[in-house]
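Okay, so subunit A shows up in both of these, paired with subunit B first and subunit C after.
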Partner chain A sequence: MELKAEQVLKVGEYEFPLDRLYYRGRNAHIWVKREGDTLLLGIDAFLAESAGYLNYLSVTAERLERGEAFANIESAKFVSKLYSPVAGRVVEVNREVMENPRLVNQSPYEAWIVRVKPSSEAELSHEELLSESEEIKAWIEQEIARLEEE
Partner chain B sequence: MESPEYVQTSTAAAITLKLFPGRFYRGARLKALNLLLTYSEGCRASCAYCGLSRKRVPLSGRTFIRVDWPTFATDEVIARANTYGKHLERVCISMVTHPRAYQDTLTLVRRFREETPLAISTLISPTLMKNKEMLAELKRAGAEMCGIAVDCATPELFDALRGRGMQGPHRWEHYWRVIDWAVESFGRYNVSVHLIVGLGESEREMLAAVQRAYDAGAEAHLFAFYPEPGSVMQEHERPGIEQYRRVQLARYLIHRNLARYEDMRFSTRGEVVDFGVSRQVLEEVIEEGKAFMTSGCRGRDGEVACNRPYGNERPGEVLRNFPFLPSEEDKRLIRRHLGLA
Partner chain C sequence: MRAIEKLRDKPLEELLRTAWELRKKNFEDVLYVSAPSAKRYEVANFRNSPGSFVNVSVTGKACELRCEHCRGKLLESMHHVASGEELVALGRRLAERGARGVLISGGATRDGRVPLRDFLPAMRKLREMGLRVIVHSGLVSEEDALALRRAGVEQVLLDVIGDEATIREVYHLDRAPADYARALENLRRAGLSIAPHIVAGLYRGEFRGEYEALRIITRAEPEVIVVVVLSPLYGTPFEGVEPPPAEEVARLVAVARILNPSAKLNLGCAKPAGSKAEIEALAIDAGVNTIAYPTEEALEYAEKRGLELRFSELCCTLV
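So, the complex of A and B:
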């Protein structure tokens, strides 16, 4: 469903749809979107852009712990782990994205990586999961400045 | 979209100029732009390992030295080098073997000299060089360093992989003749000889080539073979990390005048078993770490500018060429590779 302009936060050149949460723990840049009783996890626009065109994406864990790695990404010049914002269990991996990781670069908010059954409802209410525009904006501005320093 | 109006850039250059998204693992910083001339007919050569070879299987990919080389307008590359290039020290303009490449290189060298503050290297195709004057003209145009990609360590390998064995135009003797011409024009150690480790040579053969280049007045810059999909050598194995480390260390000793090839001893399989220096010297060189950094043309500070981050391996792998000084953890690993842990 297309979001209205006011439902999308723009920070610099990056967009953040406000229909989901953003995990800033470990500078993970993972978004979380509720779908029924499961959660979709994907990479936000900041990481999708700054990582470069992805060549490899692999899911490395079935049981997720908050703050622990669950996947790896790799582009021509960069490699990183992805850290989970929630504890839970992977119930589905997006095979299309595994086969063509550059879908993440093309449409980071549609190219979800895993579908997760969370351990509990409380997993979605910790302070490192951001939903407010001002919080997201302040964090991303810090991240842009950090990237400029590299 | 052909040179000189257009050039291909390495992926690292495209990222640095913000023409491609991305960044560098471990905070590496590109210090030299690598540009490649581009023509619709492509390169006339047919080197067995090269992504630019006319013998590469079509549609198998467009990589060269492991990564994509996108094409951009030269005007845009120059403008962005001036806008985003605060850490850049050098540009390297690389020919392909094409009849127009020499004149177009001159055009590009002059443009970069006049329009940017970058020091300029040219990576030439010796096959196109018919006389010394052509080298001297490149120097007068504004290039102050000259690279020559001999790539293969022995005449036999060269002939098999780049010359007659591939119905290719390149000849070993001519390449070394052009190295002498380049040293005359550019001065001693303002010339580099590229050598690829892992094409089938022994360590002894590789280090003999390093010493030959050094004695001729050229620095030897090392690359680790990485198979290009669709090339004749796509199934050929990469060199072992232990082999690469020994060659890096021995090359550095030769370049620092700490040892000569003749001082070193080799096993019957041609592996280095004695570097010709004391254990203390070896330890000091390893501790310093520079021997294991990318070898390439120097920048203003006399250190390597052409640092080619992750040009020889995927970023998550053990680094063959460090684009920065190795960390303590890296050095621990290097000692293990060298059997000195």
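So, the complex of A and C:
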């Protein structure tokens, strides 16, 4: 569903739809979107853009722990891990994205990576998961400055 | 049939066994992991730091050859400098932040050179700042090789191609394998350390001149040999090309180890995504000393084979 302009936060060249949460823990840049009683996890626009074209993505965990790695990624500029914002169980892996990780670069907010059943509702209410525009903006501005520094 | 072909045609298991034994005999039980800062690299026990060893292009994104497998894409993520002054300024910033060195590269001219001449005084200054300086030279004349030496360049990296059709059709270059042999000779005669590279599967994923390239390289007695593997890049004519099978890459690495028992042998940065872990594991079996940006799976495998892991933020040729 197309979001209205006011439902999308723009920071620099990066867009952040406000229909989901953003995990800043471990500089993970993972978004979380509720869908029924499950959560979809994906990579935000900042990571998708700054990593360059993804050429490898593999999910390495079935049981997720908050702040622990759940996937390996490799791109033109990164060989790294993705960290989970929640504890829970992976109930589905997006095979299309595994086979073509560039979908993440093309549409970061549609190319979800895993569907997760969270351990509890409390998983969605910790301070590293951001939902407010001001918080997201402040964090991404810091991240842009860090990237320029590198 | 020449010796190299006889060796190549042996069963892979036999080649791997011989290569592994040579590695055990001539080197300590260590796998070096190279992770310069061109990529952010993070595995279980190691994370590299930004700006530790950076790639610099002296032509920006421009390249006159527009090779089929690259089309200038590999230049995009490098630091770009347009003059010697800009290179010195970049070097100063890097040195202040604690960088170890730079790989100076760039797009090629129509005759297969990287236009480094205008940057030689700046390279000398970078050395004086304490940075290590290595270069991609492309095909290099005797005169240019001497100039690189005088500029204090520590090592020269060069892709060696052993097949004329590959040179012509992939690199769009009117040259022959003998020109690569001559370039290596020129560098050697100038007293430079050389790190020749072989790109496995460069002819649309097929093996064509790889063993001829290895023959040329072996004759030059390099300190280090680097094998990289064709990785089809998005947005190039090779985008849909099937990379070479992991076993064929392993065969090449094993033959390289057997022919060069005491040279350092590395699996470099470029490896195709789908078969990366498999290629790395087989390359370990074939006796490589260093792997650039290996997968976690490869690190686990190396430890299983009794190799200690040592991490470095230098380019693999300097490890």
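Criterion: the second predicted complex is superposed on the first by the 149 of 150 C-alpha atoms of A that agree within 3 Å, B and C clash if a C-alpha of one lies under 4 Å from a C-alpha of the other, contacts with A are read in each partner's own complex, and residues count from 1 in each chain.
Please note the rule applied: a residue touches a chain if its C-beta (ideal position, glycine included) is under 8 Å from a C-beta of that chain, and two chains touch if they have at least 3 such contacts.
It should be emphasised that the depicted structure is a prediction, and the values quoted were computed from it without experimental measurement.
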Fit-or-clash call for subunit B and subunit C when the two complexes are aligned on subunit A: clash
Which superposed partner A:Arg102 touches (first subunit B, second subunit C, both, neither): second
Touching partner for A:Val91 - first (subunit B), second (subunit C), both, neither: neither
Touching partner for A:Phe78 - first (subunit B), second (subunit C), both, neither: both
Which of subunit B and subunit C A:Ala122 touches, first, second, both or neither: neither
Partner chain in contact with A:Gly52 - subunit B first, subunit C second, else both or neither: both
Of the stretches 133-141, 277-285 or 331-339 belonging to subunit B, the one that collides with subunit C: 331-339
Shared subunit A contacts, counted only where both subunit B and subunit C touch the same residue: 52-53, 72, 74, 76-80, 150
Subunit B residues touching subunit A - in the complex, by the definition given at the top: 11-12, 15, 20-25, 27-29, 66-68, 309-310, 314-316
Residue ranges of subunit C in contact with subunit A within the complex: 35, 38-43, 50-51, 76-77, 231, 234, 273, 276, 293, 295-296
Touching residues (chain side subunit A, partner subunit C) in the complex: 52-53, 55-56, 72, 74, 76-81, 102, 149-150
Subunit B contact footprint on subunit A (complex, rising order): 48-53, 72, 74-80, 105, 147, 150
